[in-house]
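Worksheet: one structure, shown below.
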Amino acid sequence: MDSPLRLIAANPVDHVARTVESLLVVASAPLSVHELADAANDDPERIETALGLLRERYSEGRCGIVLEQVAGGFAFRASREAAEACARLFERPVERGLSQAALETLAIVAYVGPCSRPEVARIRGVAADSAVASLVERGLITEAGREGGLGGAVRYRTTPLFERVFGLESLASLPRLDDLGASPEELRDRLLEVAEARAS
Amino acid sequence: MPAATVRQLALDLDAFEGPFDLLLTLLLKEELEPREVDVAAIVVSFVELMAERDELDLEVCGEFLVLISALLELKARALFPDEASELAELEPEEAAEELARRLAEYRRMKEAAAWLVQRLSSESDRWFRLGPAPLAPQPERTLAAQDPEALAGALRTLAAPPLAVSLGHMALRFPPVSQFLERFRSLLSRRRRFDFDTEVGMLPRVEQAVALLALLELRKSGEIDLSQAAPFAPIRVSKASRSSAAPGPAERRSALPAPRGREEGIEALDSERILEWTARSA
Amino acid sequence: MDSPLRLIAANPVDHVARTVESLLVVASAPLSVHELADAANDDPERIETALGLLRERYSEGRCGIVLEQVAGGFAFRASREAAEACARLFERPVERGLSQAALETLAIVAYVGPCSRPEVARIRGVAADSAVASLVERGLITEAGREGGLGGAVRYRTTPLFERVFGLESLASLPRLDDLGASPEELRDRLLEVAEARAS
């Protein structure tokens, strides 16, 4: 048992490979060959050789850990055969409701139509960044172009998942708010007017 | 050997390096915490110094004993800032036992802290990832079915015109001070002391502030004594040991390290500290 | 019925081991045998067997990834020989730069168990507010209810991160206080030395 190990350890590439294994297991983002070379204090060529070795060792079907090359570089992932187990590990309990901030933001996007974070913030009178981020993460709203074309602020609209969660056939079946405004534009003006009055 | 040798005794402690008299000066100026000073190490240094001499100098030993016992007293006091009066109620043997128990407890905690430091350095080559792996599955958040009326309600809230500007809300509503005066008096008729923080901790901040005013009022009229272990520590309220209108002797409030001075000065300092506590914690 | 299944799962332990590898490489924190068993949908006994196998495979000196038992569970970490490379990859770990006050507070919370700021202050003889705040911020201690229910002072306990940073299997693996600090013995020895030197 010992002798083959010694033989391997004598090989310097294997030492580099072990360092690369260490770096990849502690990294929270994919690492490029250059980042690995800098951290390992070694040549990029030797890092590439080590990566070749590791790609074989950590390959689908051979190991539960798989070395993957992605846009940003190299990272470990779980093997596909363990996908179900991983899904169970990351499963989250069903959430009952939304926070007031999220609900208000969602209501604005749903009723007023595609709108940007600055707009939501103006209507609500407080920053909307985290509410928007959490709604995007939950898949209830999604990006829908930019205000005034390129360079403008990103706009958001509701998703089909939003309609499913709220039991709506379409946005047209939202409870009517005719007393506040007949069209989304009127509604938006009304909300901005009130927000300004509130701020003054 | 002159007695000055004791004061020149070179010390090499964790918290201090230099001659003994400088250590004493720093302690008296409160620039060094007495609890940081390892008295045993000083004793050993002294014994080692004595061992280097050929003869036993009683005068030097005497001076050392006086200084080291003063240091021990300082250290003991520092460990019980708030409970001097409580200790005073104990029999001397009990007090000594309590003192020894607490000194031992603190020493053990210091040793535990030292062990943690050692552990940190021995584990400094153990690296692990904090947080999710780069290619970990994105946990899916599932939301239960929601009522669309909630959206309409949220928007109605946002569309509601603001109320006409009124300064009415500027006037904070709070209960009268007298209510707390009575409450604290009745508490003290049943108990000898209570913790202010525990008593009012559940009240809104404004009411806590009024309660504090009531407390200051009772203190002013000499009905109660106040003590606090340290800034921001809970305020302990106890029945004044003398129910006369005159404030108690300064020693009883040693918990608030006030400069020895006229009563008014001390009292002002008490109030200041307490107000500072409230302002910072609010 | 049985035989084809056996054929497929020729080496069932190895299959479980691969699933455990997958789970550990994506987990954000150490996983207990039960968490692993739940996610893998397998018996805790088989998980333990698989872990035994993996501990050998991922051991110091053999692999850049090391399986360790820490903070009530199992987790991968980098091998110690790659410490320098990891240090170059990261700026600084959370636990560096703890003040003496913070360390004493941490020791008290770890040994005394859930305890409040006033309790810590009583033992240390000085207020513990900023030490407690810095430990909470670093994630080494966390709130654990209130003294005597509602309205009492907030109590704190150490977190799994504390155990992980200090490399403890659990709080039970902290040394007994009685075994700590041989200082009285050391002092006695030094005094004896002096006495002997004088006698000679």
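Letters are used for the chains, namely A, B and C, taken in the order the chains are written, and counting of residues starts over at 1 for each.
To be clear about the criterion, a residue touches a chain if its C-beta (ideal position, glycine included) is under 8 Å from a C-beta of that chain, and two chains touch if they have at least 3 such contacts.
Computed from a predicted model, the values in this text were never measured in an experiment.
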Checklist entry - Measuring between mean CA coordinates, which chain is farthest from subunit B? => result A
Checklist entry - For which chain is the distance between its Cα centroid and the global protein Cα centroid smallest? => result C
Checklist entry - With chain centres defined as C-alpha means, what is the inter-centre distance between subunit B and subunit C in Å? => result 30
Checklist outcome for this item: Whole-angstrom distance, CA centroid of subunit A to CA centroid of subunit B, is 45
Item to check | Of all residues in subunit A, the ones touching two or more other chains | outcome: 22, 25-27, 76-78, 86, 90
Checklist outcome for this item: Where subunit B touches two or more other chains at once, the residues are 127-128, 130-133, 135-137
Item to check | Of all residues in subunit B, those that touch subunit A in their complex | outcome: 127-152, 154-162
Checklist entry - If you look only at subunit C, which of its residues touch subunit A in the complex? => result 17-23, 25-27, 31, 35, 38-41, 62-65, 76-79, 81-82, 84-86, 88-90
Checklist outcome for this item: As the complex stands, subunit C meets subunit B at residues 25-28, 68, 75-78, 80, 82-83, 86-87, 90, 93-95, 98, 100, 103-104, 106-108, 110-111, 118, 121-127, 129, 150-153, 161, 164-167, 174-175, 177, 180-181, 183, 187, 190-191, 194-195, 197-198
Checklist outcome for this item: Note: in the complex, subunit B contacts subunit C through residues 33, 35, 40, 44, 47-48, 51, 78-82, 102, 105-117, 119-120, 123-128, 130-133, 135-137, 197-198, 201-202, 229-234
